[in-house]
Amino acid sequence: MKKLINKPENVVKESLEGLGLAWPELIKVNLEPRYVYRADAPVKGKVAVISGGGSGHEPMHVGFVGVGMLDAACPGEVFTSPTPDQMYEAAKKVDGGAGILFIVKNYSGDIMNFEMAADMLKGEGVKVESVVINDDVAVENSLYTQGRRGVGTTVLAEKICGAAAERGYSLEKVAALCRKVNDWGRSMGMALTPCTVPAAGKPTFELAEDEMEIGIGIHGEPGRQRMKLKSADEVTEMLAEAVIEDLPFKAGDEVLAFVNSMGGTPDIELYIVYRKLHQILESKGIKVARKLVGRYITSLEMQGVSITLLKLDDELKELWDAPVKTPGLRWGI
Amino acid sequence: MKKLINKPENVVKESLEGLGLAWPELIKVNLEPRYVYRADAPVKGKVAVISGGGSGHEPMHVGFVGVGMLDAACPGEVFTSPTPDQMYEAAKKVDGGAGILFIVKNYSGDIMNFEMAADMLKGEGVKVESVVINDDVAVENSLYTQGRRGVGTTVLAEKICGAAAERGYSLEKVAALCRKVNDWGRSMGMALTPCTVPAAGKPTFELAEDEMEIGIGIHGEPGRQRMKLKSADEVTEMLAEAVIEDLPFKAGDEVLAFVNSMGGTPDIELYIVYRKLHQILESKGIKVARKLVGRYITSLEMQGVSITLLKLDDELKELWDAPVKTPGLRWGI
Amino acid sequence: MAITKADVIKFLERAADLLRQNRDYLTQLDSAIGDADHGINMDRGFTKIMASLDSVKDKDIGSILKACSMALVSSVGGAAGPLYGTAFMYAAKVLDKKEEITPEELYQALRSALEGIQARGKAVEGEKTMVDAIAPALRAFEEKLQAGASLKEILQAAVQAAEEGVKNTIPMKATKGRASYLGERSIGHQDPGATSSYLLFKAMLDVVEEKGG
Amino acid sequence: MAITKADVIKFLERAADLLRQNRDYLTQLDSAIGDADHGINMDRGFTKIMASLDSVKDKDIGSILKACSMALVSSVGGAAGPLYGTAFMYAAKVLDKKEEITPEELYQALRSALEGIQARGKAVEGEKTMVDAIAPALRAFEEKLQAGASLKEILQAAVQAAEEGVKNTIPMKATKGRASYLGERSIGHQDPGATSSYLLFKAMLDVVEEKGG
């Protein structure tokens, strides 16, 4: 395992300390229990948007705390859901009196831990709404299973709901908006290489030099299919087709096209994928009204890419464009 | 070689096409010869700031074209200097009548190609100033050699000079400012893993599972020393000490601390390095007045990190804070 | 033969040891169909239990198990944290104020623990989870209990049933938890959570066997 | 024996072939002390020359070499592009309007080319660059020329001197170009640019030998 770390067991803690030292104007870091929160929290009268999940997906979530996005983020160990006390304490810290929105990715661990925190808070009279993001089309959707994983749409939901909260939307309205974003967003990812959880010390899976994994999860969970490495255009087609036909996205739709690096894939490759995605969408009469290209929801150093499409209306466009100032996403201020 | 590409020979072209499709509101892409330029160029009466170099270091340089930073960038093949016709054509396109500043990294190829372009432009009466960035303390500085490589300070110079040009600084003043940034900036990098130039198909160098390369160049050039892998804190100390003692940076100085990923190193590790750097600087009485943490000057998918320190005065701080809107760096607008 | 508070503490210590020894094994099982952290998670949780025992070890068994629940919930995370945390919490309720417990009370506590797991995780048998080790173990427990067997015999039967339950998860297709994302591809792999549940039964048996009960 | 325009074209074709064949070799040399692109760069440049020959092949030799210069400058990039581009430009000046050239004129053109390289790159012999192949080759060329040798003999001597020049770069410490960043660590490696220069001399010899001159 080759990483710039000290001890595996200190990775999350030291990284959070670094984040706090780097961005004192934006965020504060609480270490016991672990959460990152807006330096100016609580913002009176504003719905507080909180998310969290395993670490190793940075900038998501801790890098999205700040103005116009998250009020707090609760990082678990690498790829492990955070514990209820983290969400409970974070919520107490950032509660501005207008209620708390939990944005939860659909993993049984995340669901259960956020649920326990919500129960604790509700017991104390705090208004809490939880919205579960489950946008990964790689996973068969079924009433009889855990359902789809939450992936790329989470980033977009955090931005859009953060902007809505900043504008004074009520808790019910922010939660409804979050559900709309989840309903309108679809994703799928793939990996060229695995990643190594520091505490585990060896790669989560293995891929031969000429293989790739289609439909990979953001924790290195095996995907839909392992197959021979294909060209960027072919990979993009595979991912885009699966995503487009799932909603389905149709001619005349306006979308946000999000091309995301799993961590190790550099910009030069991301833009080759973006190029093809843009061409595919145009050829189908789907208009790319907004885009996001970069590393936003990662799996440590894994090489690979994910594609997320989000259908847009005027409300979503306006909220997407609203100013945001976080370590990981910033514009307008 | 595992990459999301189509054909090695099309990597730069297709990536530029993708960049252009993604950011039409900011930039335009010219393919023959290759350069990326501000969509609103030429800006009348403004000094045009142009840089360029081999591709593979994205977002530098093409990702830094836009408002408040570069007017144009000329990308060569991967890790290969661009050709003079690129800089010549780009300069003609963005010349607003106030002259052209070339920001050139100190590699013989870059120097010679920019020099040829400058000669061609001067022959036509265009005012051109060239400033060479040579901030890499890993390389011994000597009158009798090529001198130091240009690395991390280039990013800072492009931001600061871009802001100055936007504010109406004259060509002479922007060039003088650029020299000041170069004089006050120092960098050093290291690698955990090599990278693979697409056209070459295999890694530029090899490192054993327990080895790292200290003082690596951004093209995978061997560095000062190959040694056993050390902890993040030890690596940070090694880089920071070399950088600090070179200027030297002293107690009471204000600095911009820039922790840069070589491409494949994820945020979670970068912030562990930032943490230690911040602690080292504080312990020496050097004040971190500004910071930049992320992937800004990369070597494809190489894992590793570089540290750049830039001494700051009020002018540099103000120009650093000025609004910038490019694909790779954005704030304030 | 009654189970004393000292036995409960020994059980926790033995469980912590077993989970530490099987840390890599559990993690490896989880890497095949999950995210390669189950052993790390369980080890972290029981290390936390060990660290928090000192302040509660003089209280009643219910209080001790409640402290374990808090330790697990606040340190394990993932799916296993809330599930095992809830299990200990439900068991603690049954054993509230007890300084000693009978095999019958142990059975009631374990039943309650399983109810907690199912209330939290909504899994039934056959979904390739820890329930597939615990439910058969409890059936074996009950049978032997009613037949008047010794605690040692009871736990031997429970451990054996748990072990079979673990093996039975191999051909199952997961429909709960992270492994369910794999669909058909989850078939052929042993469930890590069922395996850690088996280890907890094994820890109980070890303590009773050592005691010579 | 005079060198015709057809010979010049054959030389360019042969050079393109040789550089294509040695693409990986040159790149590998560059990966040891540079950035692993020299073979790729040279191949790209001479491929561009081949593509641009059609439109100039009926003009004089000077014009052909000037077109080569433009092709190299606008396609090679790196250090080699300006250096070889300038070399061809300087050679073209000497051979302006010529339809045929004598060995003496060839010598003058090559001298001028070296001057161009040194004006552009500021390197002198001993700095571990292409100059270390070209300069000794031209000394051998001049010596044989003055001794009245045939063009074939002249070029054989030049190629041999270039080859020795290439070998002599191995123990040198680079003080120009990308390899100079390595300082002492550049010692022990053969310079890629010197090697490509040797190949250009070799291409000239091959054409003359084939012609039977």
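By letter and in written order, the chains are A, B, C and D; residue numbering begins at 1 in each of them.
Everything below uses one rule, namely that a contact is a pair of C-beta atoms (placed from the backbone, for glycine too) under 8 Å apart; a residue touches a chain by one contact, two chains touch by 3 or more.
Keep in mind it's a predicted model, so treat the numbers as computed, not measured.
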| item | value |
| --- | --- |
| Separation of subunit D from subunit A in steps, with touching chains one step apart | 2 |
| For subunit A and subunit B, chains touching each | none |
| Chain whose average C-alpha position is farthest from subunit D's own | C |
| Interchain centroid distance [CA atoms averaged], subunit B/subunit C, Å | 55 |
| Inter-chain centre distance, subunit A versus subunit C - centres from mean C-alpha coordinates, in Å | 32 |
| Whole-Å gap between the CA centroids of subunit C and subunit D | 76 |
| Of all residues in subunit A, the ones touching two or more other chains | 78 |
| Topology of the chain contact graph, where touching chains are joined (line, ring, star, complete, other) | line |
| Each pair of chains that touches, named by its two labels | A-B, A-C, B-D |
| Subunit B residues within the subunit D interface of the complex | 33, 54, 76-85, 107-109, 112-113, 115-116, 136, 138-140, 144-146, 148-149, 197, 199-200, 204-205, 217, 219-222 |
| Residues on subunit C engaged by subunit A in the complex (per definition of touch) | 27, 31, 33-37, 40-41, 44, 73-83, 85, 120-121, 174-178, 180-183, 185 |
| Interfacial residue positions of subunit A with respect to subunit B in the complex | 2-6, 11-12, 14-19, 21-22, 55-56, 58-59, 63, 78, 192-193, 209, 212, 229, 231-233, 235, 263-276, 278-279, 291, 293, 295, 298, 300-301, 303-305, 325, 327-328, 330-333 |
